[in-house]
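For reference, chains read A, B, C and D in written order, and residue numbers begin at 1 within each chain.
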Amino acid sequence: MAGTKFAYVKSFELPDVLLPGTYILVRLDGHGFHRLSQDHNFSKPNDERALRLMDHAARDVLNEFKDIVIAFGESDEYRLVFTHFLFRKSTQVYNRRHAKIVTTVTSLFTSSYVFNWSKYMTDTPLQYPPSFDGRAVLYPSPQEVRDYFSWRQADTHINNLYNTTFWALVQQDGQTPTEAHAALRGTVAKTKQELLFSRYGTNYNSLPERYRKGSVLTAEHTEATRPDIAENSGDASTVTPATRAEEGSGVVASRSKSKKSKVRTEVVLYHCDIIDPSFWGARPRLLQ
Amino acid sequence: MAGTKFAYVKSFELPDVLLPGTYILVRLDGHGFHRLSQDHNFSKPNDERALRLMDHAARDVLNEFKDIVIAFGESDEYRLVFTHFLFRKSTQVYNRRHAKIVTTVTSLFTSSYVFNWSKYMTDTPLQYPPSFDGRAVLYPSPQEVRDYFSWRQADTHINNLYNTTFWALVQQDGQTPTEAHAALRGTVAKTKQELLFSRYGTNYNSLPERYRKGSVLTAEHTEATRPDIAENSGDASTVTPATRAEEGSGVVASRSKSKKSKVRTEVVLYHCDIIDPSFWGARPRLLQ
Amino acid sequence: MAGTKFAYVKSFELPDVLLPGTYILVRLDGHGFHRLSQDHNFSKPNDERALRLMDHAARDVLNEFKDIVIAFGESDEYRLVFTHFLFRKSTQVYNRRHAKIVTTVTSLFTSSYVFNWSKYMTDTPLQYPPSFDGRAVLYPSPQEVRDYFSWRQADTHINNLYNTTFWALVQQDGQTPTEAHAALRGTVAKTKQELLFSRYGTNYNSLPERYRKGSVLTAEHTEATRPDIAENSGDASTVTPATRAEEGSGVVASRSKSKKSKVRTEVVLYHCDIIDPSFWGARPRLLQ
Amino acid sequence: MAGTKFAYVKSFELPDVLLPGTYILVRLDGHGFHRLSQDHNFSKPNDERALRLMDHAARDVLNEFKDIVIAFGESDEYRLVFTHFLFRKSTQVYNRRHAKIVTTVTSLFTSSYVFNWSKYMTDTPLQYPPSFDGRAVLYPSPQEVRDYFSWRQADTHINNLYNTTFWALVQQDGQTPTEAHAALRGTVAKTKQELLFSRYGTNYNSLPERYRKGSVLTAEHTEATRPDIAENSGDASTVTPATRAEEGSGVVASRSKSKKSKVRTEVVLYHCDIIDPSFWGARPRLLQ
């Protein structure tokens, strides 16, 4: 058989199983999004369209991988674009093979981001293919997982407060970026919030939660049918009602539903506090 | 500082450096391309448009990663879609971090595939985001690298001969897939080639080399300027002349060119034999 | 400087940090102990001197590594010689470097085994250097750790019951090993226990716990001084009183004691049930 | 079956295969040998008995592992005790399992060191069990292997020259260690050699090669029987003739010999230059 004598090269592919019994956290990070956001005129400090596109791509990943129990997306439209996916600790997805898991999640997210770009960035054609990198981190216990997400959400808050103040100085006061960075150097959160309020009349805490808290997507069981939500399956044509539903109930949902069972699993989108224990306390299944 | 007490979770991210002094082979594999090719009416046994799209995405990866010295793409439009990238053994890309390398290559390939889909599959809109997985394999010596590519090209030949015969039986003789598989079971290459010739007048060896040999992309130094090629920078608007150039000279080239230096590096596309030592002998820089 | 141009070879030593927050279980396994036990005329089915030597070597390891919270030794003097060491999950020993930890534990155990051989095997000079191999396994949660030790102790029981019955058939009934194995094939525990009692008058459950349960060593805090125990610091000259203390109180202890603190840490030897939750319930510090 | 429900814990033992086609270098490092050498009154700067004991233990490892092609031992009797073992790149020992290889080599070396101590350190009983740690490093090409050994032998030379001068200052001039270190700070090799010659009449280059070059052990094929060497099978009773043979021929040999074949494999001990290419050139089999 042709090729047989070469098949020994397969033996160089070594096993890369991730330790069982640990939560698998996959973190995606956008490449060169500083330039991408400039080339495509993202709004500063936050571009809601781009954030919704991120949410859409994350939702596609959750719909594909049923063992992802929560995702968290953060972005400052300026430098950082992160999405974090947590697989349940008992997951056997791809037999827990490291490269397979981390590349597939990264690829599917990338693919959905490009595929759905035009639905959100309606008047801004994508000029070149953006990319992401991914990595997997294992966490042995629920406490570490919660601390991980707390770390990221605290970071989101810090970055967003900084960026909101920075862009106010630049856009409304005409400061140069260098001046604005200098003005903010070493300031604490309280100082920035007071500056926003006193100078620009902006109450930071009334800005959209999406900007201040990032995006949280969880796969949740629902028993009753919820026709108001069931249609928001990540379809960009429903972005407006989804937004409304979200503002009313705090959720936007999707996920393939089993017709046979009364219990449906839906991907629900929140922009809520996940540092507070109550979020996790109300959802014991996430880290069970 | 908010978040500081959570920062310990960063210590769970372990180093994943790939052994220095080894060739890094990254293999990408399409997910669910059997279904994708059916849903998008790929021609059988080979869809030239889809093959050119693969080549385009691979070229984008080579243009981004200067340390990739050769790529090999194979596809039977039926089950398997593979692309293999080889980094030179001295590469320090991303400090040889495993996850970073393998996810970025996978992501960029995916992104380019989706981004450029409509340029090749002109009348077939992409219906959903396709994905790929990737993995890295290390090879210590040039011999193993050559045997790896020989293994893949031998596999391409075996699959393409099988598929070409299979689809002739199905499309021209009206056999069912089950009948066609049964007719081919256990046959050797010679038998299939004779069947193609005697029954359908097809000389297998005169079929396009792209189908029989796959796609080989290498980064090559060229000293003279080649205006006939310089424009084919992976731009779909030049697909037709690129095709012609290729048929004439066997190459299609691209790669960012240094204006300062007489020596340019170009990505050149071949559909040629890489099992034979002469390919490598003529390009000693590839495995130096 | 001589040698500088060669120093690049150090870059091939890759980091091998073990995942934080996980229990590190190091398992040692004797090499060729079937032959060793024959060459040195070990008693069958259990050689108490050899078991005490194992305990001594394990105690030396616990005295060296303060982050080992429990060890379990099992041996059937026939094929298998295992010792298992559990590091607390927060240990930073050697910065959790895998090779450093597993080789040092293996080396120290081996060294103590050879060094102390003559104290236990008093009339049987060691003929050649025995060796062990080791490996590390990570466990994320207390439940998995307890199940690991339960698995090993259940195995000890199964092996010891089999071997006790086997050697009774061979030594007391004059069966050949082949006959004895055939007689026991497929028998359940109850059958073997009844055979021991009815044919040889042996009540299996009254055999020494050391044989039936293996050796458990833990590092325990004691507040009061215990002069009766403090001297049994793994010194072979105190084997006899140690044995007595053990039979009375179930413990033999050692470990360097801090003079400054009232709380001492001592290595205590048990031959008790560690499958039952009460062992762990009484020692919450072990898996905290 | 008792224990069955616990057997899942075995799934936490992950594969740890070392990349095929690479040389496996196992380096052993003595623990606390500064203290050990003081507690056992090692001669300064070199204790020939201790060096011979190291050679003996290394020889035992080579006799056990037929795929080790060369070992190199270095020691300054003061801080560092290293032995390096190189497995041929095609070795399949223990299926190339990392922990198994590195722990077994470390354990056997340790065991032999303790077992044979009294044969070399005849009037100095071992007071406590010494230990070593080990680690494996992979090298893809012969050049890196040679550079590794060159690096180590250059280091041996540097250390020994320093230590020889240092101890001359301390032992013959009555300097304190602090004074001696201060006197040598920043001096180059030539300066130290001149100091040794001018002040103590010591021609550094005529000191024993064992001290200046370390110990090299290789497994070599010999065709003729060599009865004068065949008895020096690492038996301390033959240390004297072995020394003589070595001084005459530069070699001391051992290794189990096949009676059937004319070609014997013997472990040969050298104290020679391995930085110079001629050593490797004369032994093409080592790195083939």
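Basically, contacts are C-beta pairs under 8 Å (C-beta built on N, C-alpha and C of every residue); 3 or more make two chains touch, one makes a residue touch a chain.
The shown structure was predicted, so the numbers you read here are calculated from the model rather than taken from an experiment.
Visitor: Are the interface residues of chain A and chain C largely the same numbers on each copy, more than half shared, or largely different?
Guide: Looking at both copies, the contact residues mostly coincide.
Visitor: Consider the two chain pairs A-D and A-B; indicate the one with the greater count of contacting C-beta pairs.
Guide: Result: the pair with more contacts is A-B.
Visitor: Return the distance between the CA-based centres of chain A and chain B, expressed in whole Å.
Guide: 31
Visitor: With chain centres defined as C-alpha means, what is the inter-centre distance between chain A and chain C in Å?
Guide: Computed from C-alpha means, the inter-chain centre distance equals 49 Å.
Visitor: Once you find the CA centre of chain A and the CA centre of chain D, what distance in Å lies between them?
Guide: 55
Visitor: Which positions in chain C are in touch with at least two other chains?
Guide: Touching at least two other chains: 12, 19, 21, 138-139, 144.
Visitor: Going by the contact rule at the top, pick out the chain C residues touching chain D in the complex.
Guide: For chain C paired with chain D, touching residues are 1-3, 5-10, 12-13, 16, 31, 60, 98-100, 102-104, 106-108, 110-116, 126, 128-139, 144, 147-148, 150-151, 154-155, 157-158, 189.
Visitor: Looking at the complex, which residues from chain B come into contact with chain C?
Guide: Its residues touching chain C are 11-12, 14-15, 17, 19-21.
Visitor: Can you list the residues on chain B that touch chain D in the complex?
Guide: Going by the criterion above, the answer is residues 19, 21-22, 89, 138-141, 144.
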